[in-house]
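Going in written order, the chains are labelled A, B, C and D, and every chain counts its residues from 1.
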Amino acid sequence: MTDDLRDLYQDLILDHGKRPRNFRAIDNANHHALGHNPLCGDKIDLFVAVDEAGIIQDVAFQGSGCAISVASASMMTEMLKGKTEAEAAKLFDYLHHSCTGKPADETGLDEDAVDRIKALAGVRDYPIRVKCATLAWHTLQSALKSKAKVSTE
Amino acid sequence: MNESASPVCYAAEGEMFACAAPTRFAVDQYRKDFPILAQSINGHPLAYLDNGASAQKPRMVIEAMTRFMENDYANIHRGVYQLSQKATDKYEAVRGIVRRFINAEYEDEIVFTHGATESINLVAQTWGRKFLNSGDEIIITALEHHANIVPWQMLREQIGIVLKIAPITPQGEVRVEDIKALITPRTKLIGFAHVSNVLGTILPVADICAIARASNIVTLVDGCQGICHLPVDVRALGCDFYVFSGHKLYGPNGIGILYGRRDILASMPPYQGGGDMIESVTFEKTTYKEAPHRFEAGTPPITETIGLGAAIEYVSTIGMARIARHEDEILVYASEKLSAIDGLKIIGTAPHKSGIVSFTMKDAHPHDIGTILDKCGVAIRAGHHCAQPLMEHLGLAATARASFGLYTMREDIDALVVGLEKVREIFG
Amino acid sequence: MNESASPVCYAAEGEMFACAAPTRFAVDQYRKDFPILAQSINGHPLAYLDNGASAQKPRMVIEAMTRFMENDYANIHRGVYQLSQKATDKYEAVRGIVRRFINAEYEDEIVFTHGATESINLVAQTWGRKFLNSGDEIIITALEHHANIVPWQMLREQIGIVLKIAPITPQGEVRVEDIKALITPRTKLIGFAHVSNVLGTILPVADICAIARASNIVTLVDGCQGICHLPVDVRALGCDFYVFSGHKLYGPNGIGILYGRRDILASMPPYQGGGDMIESVTFEKTTYKEAPHRFEAGTPPITETIGLGAAIEYVSTIGMARIARHEDEILVYASEKLSAIDGLKIIGTAPHKSGIVSFTMKDAHPHDIGTILDKCGVAIRAGHHCAQPLMEHLGLAATARASFGLYTMREDIDALVVGLEKVREIFG
Amino acid sequence: MTDDLRDLYQDLILDHGKRPRNFRAIDNANHHALGHNPLCGDKIDLFVAVDEAGIIQDVAFQGSGCAISVASASMMTEMLKGKTEAEAAKLFDYLHHSCTGKPADETGLDEDAVDRIKALAGVRDYPIRVKCATLAWHTLQSALKSKAKVSTE
């Protein structure tokens, strides 16, 4: 049983859950979205700065949530810097497949990102927690789509 | 355990002191009535501590429904044949069972609905729309379930009433003075929970109803968490409406009760339109039946009503006062055990509580607590418990909540504590 | 009966022609699935001919509910523990089962309600109040059930819409031209039964929907008597709303369906307020979930939804087209036999009929017919069938009605005829 | 079975059901009420003329319904003529008790009326038909209470 739980709560997850990286606002973010998981009350406030070439220059977040959602957001901010939107979308696909137990293809993906995502994939045995693991990524999608809520000012 | 004495203990309330072990509540015996409790979750016996969300069903309820569908089922009220007549009689008999259970004066004060949520919406849309005007005031408390908030907000949107919120103390109590202070000549209704589904606080229902009555204010008690934990006497409480759901009282889904004082129900227009609630229909004009039938449009949850009747008979045989006492003991035991856990904070410390303990832990989010406990076979709820305004007031996004039933035993609490130690091990 | 061939006949629709007796509908075998049918009434085998009011439940439905309550029960959507997760999955899976059964495009077009009556009231109070203004017109037909009349009358009271009634022919048909003649630029909705619960008439749903669509008029089909007698494909029918109750489809009470086209549901405000339909609640402002959850306030009829899923699986295994064909044969047989009875008049003689025969007798009141038939073990309905305006149009206070199900056999009709001879003997 | 049914549908009942007596309106009725049994659509329009001494001078009805309700109304009109309101109330009590299978005391009652009521009492085995047998009598009660609907002009 403990081993099972350790699959979910790996040290990497617990560490990011407790000490989230890039936990701040970005003043010059040109994308922003709020994410909310009403089930557990997870809330995430996501900031993204994308440059003219379409490269993600900075990602950061604020908010609160369970260990899984905070760790997922924290690791996401780390792995997205320097990536294009298309690369981000591929990583999300990979994460989504990994977390729902579907065959996930890692060819062409950043190795370091893949390792982090694998640490998250323990949620696959906890269907109801999949939303926690994917909240930050869904919020990213919505942030990249709409520039509405926060402008560069 | 004294086997031969048990049957006497199992008998009605008054006989309790006749049995060999007078204070013994035969929880092991009652547990056998609930088939689901025998199962294992992840290799652990199931410790079901989510009774606040819904209670499990005893064999007697499941069998009453099965038997009804296998032998007696027919649509009611409109059939000339025996099967329909028998079904109608059994269905209508439950009105009497409910009346006695909550000590209402008349059977026609018992309206069958599909649940507490519908009961409250019904009152808001019929009584509310008929008797309230823009600027009239409704008082609710800061600890209400969404079911006793959103229907009034919808009414506010529709006709411009004012919603006033009675505060709670840091312990989670509602004080009569605080409600009194909000009353104005425009106050028309006070709506409040009998027992808070998050904090477990028992509200001073009779006192609130007394001051309301003195000012001619209608009272609606959300009894969802009262009916299952406490003996309820609507006349002693002095309320005008009392609502609850069958599924939290060990009964089926899809059946709920609206108790309303006879004169008030009689003054209310119908809610939904359809069959069985009309006296006569022409395309020009339709007239409606009297209460309670006026409020029961369409084919009702017949089998579920039979199931609710069986559930009430089940708990009545054990005795609600005895169930309350048993749950109090569990509450005291759980509160002691949980308080001893490092970093755990109990949310809601009113002196009068019933059947529910909410808590948070220093380093672990309630959702993570829930997952870890589930792995240990312990089913609790984590989240906002459909009481977001209360959570906001408490400054919390979520709590973990253990809620008890008549079958909850100390071993369930012990399993909870073991699970929480595991949480500390992982998150500590 | 060829025992070994039966299992193949029992299989899905497409395989029917593979079996030894291709046209044989194994009614005796299906009857064994319904425990209640084995009983005697007044010394006669029960001939249950009141399926229009409610259908009996097969063992598979009763067992699905029992099994769920004994093993899997928990409240849904909000639990982190496995039991709740499993219950949620099973509950949500029924949305897919219903979607496939009526061939809706998306699962989120399926709203769980407590019955057809609630479904229609929901549409009237949400879509109706939002999109209709005083003077806007709704067309219904002269043969509607009260459930498709009274909600619109209530809306008329509230906002002053105009209710127009499409006539029926002397045979009991609704003609598309007659509806067309009522359409004006202010017509906003046409609401009509799929099958008349009194006359058995099958309405030309697709044709009515086509002319409605051409004028941007919303259509609501009351499918209570359609869903149980005919294969239903909401996309082929082309309707915007389709409603029905589980209990007439061999499923439990207290569960109904509102099918609504995705874009229309998305445009509708919520109906009842409470838990599980909100996105977030503060005392100042509340935001609601998307459809279908926005319309599902409070704890839903979870066990009943599971039961409905089992009922749909049951009839799907037999095949709705085969059930329709079987019932057609019974209808033809019954119509012939009844026509031969002196003084008996069949009410409703449309060429397209399904599953229902209403009739009157020269010297006997329907209520007396009902009592005498009951003595002979035959359960029929006598009265206005919740369609008083239709009865008035027909100039009748009441009819006797025999309505069929998949388990109806010629012997039931024969028992009906014997009973009717007894009526003639007494009243002739 | 036939015997059972014959208990309910006795010749007296069938006869009154087919050829109801006093089936007419009363022009100078000083009491009137409408009775309605929504279950089977029975409708009865009852007229009563009571003189100053409180004696029922005339009773008549119109309407439609099942054999039981029509026969009950018809027999009621016959047995009430010349009775006082108090006597009518006693007969109703007796009828109600007979039809619901309760002990019914016939002392002091009109013998002929008692016989007719006994013929109706077959409904006791058909609980749902009790309303048919008592509709006319309930309507009488309501007619005697209120003079509202039809006046003597």
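What we mean here is this: a residue touches a chain if its C-beta (ideal position, glycine included) is under 8 Å from a C-beta of that chain, and two chains touch if they have at least 3 such contacts.
Note that the structure is a prediction, hence the values are computed from the model and not measured.
Steps from chain B to chain D, minimised over paths through touching chains, total 1.
Should one ask which of C-D and A-C has more C-beta pairs in contact, the pair is C-D. One finds 39 Å separating the Cα centroids of chain C and chain D.
Rounded to whole angstrom, the centroid-to-centroid distance between chain A and chain D, based on C-alpha atoms, equals 80 Å. Note on chain placement: the centre of chain A and the centre of chain C lie 47 Å apart, centres being C-alpha means. Averaging Cα coordinates per chain places chain B and chain C 32 Å apart.
Counting partner chains per residue, chain A has residues 38-40, 129 touching two or more of them. Residue positions of chain B touching 2 or more other chains, listed in rising order: 42, 78-80, 280, 367, 371, 382-383. Within the complex formed with chain A, the residues of chain C that make contact are 77-80, 85, 89, 278-280.
Interface residues of chain C, counted against chain D in their complex, comprise 42-43, 363-368, 371-372, 375-376, 382-384, 391, 397-398, 422, 426-427. On chain D, the positions that touch chain B within their shared complex are 36, 38-40, 127-129. Across the interface of their complex, chain C is touched by residues 35-36, 39, 41-42, 46, 48, 50, 53-54, 56-57, 61-62, 65-66, 69-75, 78-84, 114-118, 120-121, 145-147, 149-151, 153-154, 163, 165, 245, 247, 252-255, 270, 272-278, 280-283, 286, 297-304, 367, 370-371, 373-374, 378-383, 386, 388-389, 392 of chain B.
Residue ranges on chain D touching chain C, taken from their complex, read 1-2, 4-5, 8-9, 14, 18, 38-43, 64-68, 126, 129, 132.
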